[in-house]
């Protein structure tokens, strides 16, 4: 399946071409090239997926296929970075997700970004992102993954900072990059640690569940945990950074400063789930050798999911609501992985997590694109500038509603199926976990519908209050152009049907197909909870009324804390600005200038000082000269006679 | 005490006496060089030092190495050289006198540090 | 006694011949021919150099009073070359109206000091050595006070003669004690008789300070700066280069030939003096405003570096010393040449007068820069090689700490050399020295020096030859 | 005549040509021709080297030439290259070439500038082709002195102070170094100055204990070893662009190269014994330099501190003393050389337009000078170790190599060094965010013009090299790695 190399090469080519020609080509040409290439690789990846799932099943198990392999950099006899293409169920699944969503976003952006300065650059970056993300999921070894991991980080940086003249965008881009890079540091150390003990980067060896490979790593312990646990925990921190797990989630809400399609692509559907993908990729290691880390992942995921769901309930910026919702949903995926066992029914968590990743990618990008469409129409991100838009933008309204229903977990939309599996896996892990997750699912339904009503229902739209964020030309909102709405419609369609895919036939923890059985108890509970959430939201927000404000007043402290995102950003700001910048960097700069440099200057000036002090020797008096002369003679004589 | 007196008048003078003399002369010269303010006096002090060395040569030759003449010759040459030095020195001192109207050594401190 | 052996003293006789011819020419030539005096003097001297530059077999004259070694040819030739350069640079100075009448004296005095140095170098007996020493220093005093209407020159002359006599009398006293304790003054006989009794050590120290004075090592250096400042620049350069060069060579030969058995005594002495000289001279040099004083202190510290070669007491030390002297001659004379040219024309001698010199006089600045870099020991200039060899000589005997201290001092020395370079190249001045056209002779000297500074280091045969011969020392 | 000597010959010819040249045009022609020849020569050398190796020549050094220079001290003019030197020569010629273009319109006194520039280049090239201790040291010092005038005359800011400080501190380094070199020479019996032969002899261990630190620190000063790095921020910020490039790009590498080739190679036992001290110092360098850079506001200062950090990483990796780390160190030298040269070139060009280097006074330059802006972002990304650019390859090799020790000491240091990449990210993004992105700070900047042709070429060349190594690191990594092996075996024996 060497042709899969094209899937990687084409976007890179597109990036190189578009990046180099930059403004020399017309925006339309650049956009067309970018979109076309994405279209081609989408088709290619569908074809590859079809070929893979039909041809590479041996003895009922999906094989890992190395479609391409090239030794890129050799460190020593054992360790070398290869660049290659690994095809296995999850990478093929990711490939489909990435290419599809990318293609949709490219298409959508043709309309959304029309007239923006730097349109060509935007498409170049989108291609770069597609390249890096595909490289990430197809990585044959953990170091290749790290390479593309960094590359997606930088594409994210470039895209968030696309409006580079806006300080907020630049700051957000910087924050995103630094936070994820901070996490990547742990990832890197984890890789180093892992590779030191296992002498390999290769996923094929790492995920073979071969105890010999990890013998050394498991036998050595540090602070009560085996080295392997440390390595895997560190690697997870890397994943947590990218996937915005608490407490490394702070960059994601800010990342919404980027163009909305970018948020849809990178910060909802693809890049942010890289952490989930990473854990899934190394799942055999986690589940067999370091279950304690895996449980930790589950707890982190659950907490993050709860935490961000609460915050999402009170945010007023629609993209931030979606961002926190994303964090929360990724928490779900992490929980799915964390509670999973290995193989068969035990491994349902793994399967459901992947399934949720899959469905979430579509409905969340749909939500973002819908939100983008709204923003495009009203030129504002704030809920207070919206309301009653259903009349003006019917397509957006309907697709948004579908997505909301999907994320709330209402059958038959896709979200229901995947979320339900996660819930049942959680229940089988521990009832408490299941309960919490069900509660969060209810919260999800509530805040999504709060969002939905605030945008499309509620108070009537008044164009006067718009803020001139992007363009400054705004009349009555109107439905988006065809390129945008077609993407919405397509994604909406996918959202409707994706849940019906027999996912377990393709992706399971051990590669053996498995039939999904919907646990009716869990399903009915979750549906009821979701409906309750929706009903409360309907009650509160469908029409403009006083209740939400009253509620906010009643829980004043909590409300404030939640709307300030529980002050996590402030904590970070404090620790970076106050502690690191003021108490480390500034003292070091001072130390360097005054102590070290001062020492060097001090040596020089003390030399000068001595030079001034001894000038009296040269008095100009012959007799004093003779005196010194004589003294010198006698001293020298005394020295050699008596001392030596 | 008696012996010394007797020797002093009748016997040979011991070498120590000559060496003592030359040492005293030498350090008188040094002392003079370091303390006198008149340049001519300084010059004379230097002559004392040179002559102290001359005495040494002569005495060593006479007392320790009587078969040789090296020391004596050395003294002779030294005397000649001392004369040359004095001549040049006095010429320069005269020059200084011409310029400064003084031969006080303290005035020679235009250049220092 | 075979008087024909005296005739083997080619160098001395040839120099004496040059002196006498010049003297007679100066006295008897008519005004018409006198204007050719300087060219003739230079040509004659050049002939003298060429005739005497080839080393011969070792020989002794007068029962060992005078002893010739092949290396002497080299050191004498190097001193000759230095003197020639001084003559070339002094051309303008001697053609001034006030000095024209005295130029015969200048040559005669200079050459007699050179003759004294010859005898010092080739001496085989303390008597000859002492005579040479005095012949080298007494006319020097006259030279220092050459300009008789100049207060400073007179003061410098007085300082020089008085202190020189003071030093030489101490030295003489030392020689007398050596004679007293050994009974001989022949260098060849002395090593067997010097056994290291306290008296001999004392005698040695007394004797050696006379040479230390000439080399101007700290603390016997105090005269140097004043005398250098007071004397006319060309004479200063002669004093600082030729006189010093001969003295270090002689110190070395005496130490290894005569006082070899006192090596445990003189090595620590030299160690201390080297450290003192380099460090203190450097510290003084930092604050000097007057370039001549500045170079005085710089040359004191250079003398300290030369001690590193002497302290090794080995053949490597000897060859690196001679090589160092050779390089030092060119480097220092180039610097003094520039200073003298500028002083002759403008009377400016302070470092800040040199601000912006490069803008007006690029060539002079260039020569000055080369010489300063060479003095600082910066490659690819000759000074780097000579310094390296000197350090090697010391290191070969295990004096790593000394080498280290000396090297640390090169930082200070680089600092003050850079101060001048900074003045010339970096600083801006409202009244820079106007463009100067130097005379032909000076330019020849600059060309020679520049060429030598650049090329000597790369032409390894020069060092190899010196090394070959110094093994026969 | 060995063709390695062509490096020196070309430069000497260039200097002669400059002496004779009359107009700026002639100077430019001489310089660009000569620099192109150097570049071609390096390309040819790399090709010949690789073919020679591929043909199975396993000699430690290729293209050897050896002629006696000073017999008494066994000083030879001895040249030869292995993969490490080839990489460094390639780097040097790229930077010399770009440096010439960057100073295309240097003012005043272009002739003198380029004369000194050539002398500096002679020092650099000579150092890398030499395998004789003496000539190495000589070239090392040759490279130091032109700096004074180059910074002093053509620099900016407090140039005189910086130039003096830089020169004196580096001279101090070479003072330490010379003692070390003499020590090595004489304690091995004073029979050879050739490092290959010296490596077969043995410096007695008790002497190594003195001379190793001296030699290492001597070279370390030039390699910006903490706490001897303070010349770097001042020096680099005051120097004219091309000189900053050459200095940070190549000259600082002389330090690392020397530490490895001389100090560690010839005195492996002491290196083993004392590595921990210097590991701590270099570890401090890495983190400290990065933190130092965070607080700066002058573009060149930021880059200078960043150089301290990155060059610290070079020494750090060398001291890890295994093949991977050492290969990484050499790669890091090459990579940092290219990146920092690009940085300085860009800073120079930006400064030439905005007349300020204070990041607080600039902003949104991407809008008016997109070419420079994009290039700056690329340089920044390379510096913070983005995959696909050379910095990543080098840093990862270093980290993987450094991690091959099981003990806590090495591991903690390595993790600390890894942490520097985060700090690097912070200061790089801070600058990029403030200067290149963001709103316009100064109205006057709105009329700036983007880079012209002679400015674009060096940027493109450097960027291409950075990308080249970053994307296809295999050949250079294996070229270096193979050459490192015989040197490393010295430590293992």
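Lettered A, B, C and D in written order, each chain numbered from 1.
The criterion applied here is as follows: a contact is a pair of C-beta atoms (placed from the backbone, for glycine too) under 8 Å apart; a residue touches a chain by one contact, two chains touch by 3 or more.
Small disclaimer: the values here were computed from a predicted structure and weren't measured.
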item	value
Result of counting contacting C-beta pairs for A-D and A-C, higher pair	A-D
Innermost chain by mean C-alpha position	D
Where subunit A and subunit C are represented by their mean Cα positions, the distance between them in whole Å	77
Mean-CA-position distance for subunit D and subunit B (Å)	67
Averaged-CA centre spacing for the pair subunit D and subunit A, given as whole angstrom	37
Rounded Å distance, subunit C centre to subunit D centre (Cα mean)	42
Shared-contact residues (touching 2 or more other chains) in subunit A	604, 615, 618, 620, 622, 626, 630
Numbers and ranges of subunit C residues touching at least 2 other chains	158-159, 162, 166, 170, 225-226, 287, 415
Per-residue overlap in subunit D, given as positions that touch at least 2 other chains	168
Which chain pairs touch, all of them	A-B, A-C, A-D, B-C, C-D
Subunit D - residues contacting subunit C, complex	68-73, 75, 134, 137-139, 141-142, 144-145, 148-149, 152-153, 159-160, 164, 167-168, 171-172, 175-176, 178-179, 182-183, 185-186, 190, 210, 214
Parts of subunit A lying in touch with subunit C, wherever the complex brings them together	604, 607-608, 610-612, 614-615, 617-618, 620, 622, 624-626, 628-633, 636-637, 639-641, 644
Contact set on subunit C toward subunit B in their complex	126-127, 130-131, 134, 138-139, 141-142, 145, 148-152, 154-159, 161-162, 164-166, 168-170, 172-173, 175-177, 179-180, 183-185, 225-226, 229-230, 287, 293
Residue ranges of subunit C touching subunit D (in the complex, touch as defined)	316, 319, 373, 378-380, 384, 388-389, 391-392, 395-396, 398, 400, 403-404, 407-408, 410-411, 414-415, 418, 421-422, 425-426, 460, 463-464, 467
Footprint of subunit C on subunit B - complex, ascending	26, 29, 33, 39, 42-43, 46, 49-50, 52-54, 56-57, 59-61, 64-65, 68, 70-71, 73-74, 77-78, 81, 84-85, 88-89, 91-93, 95-96, 98-100, 108, 110-113
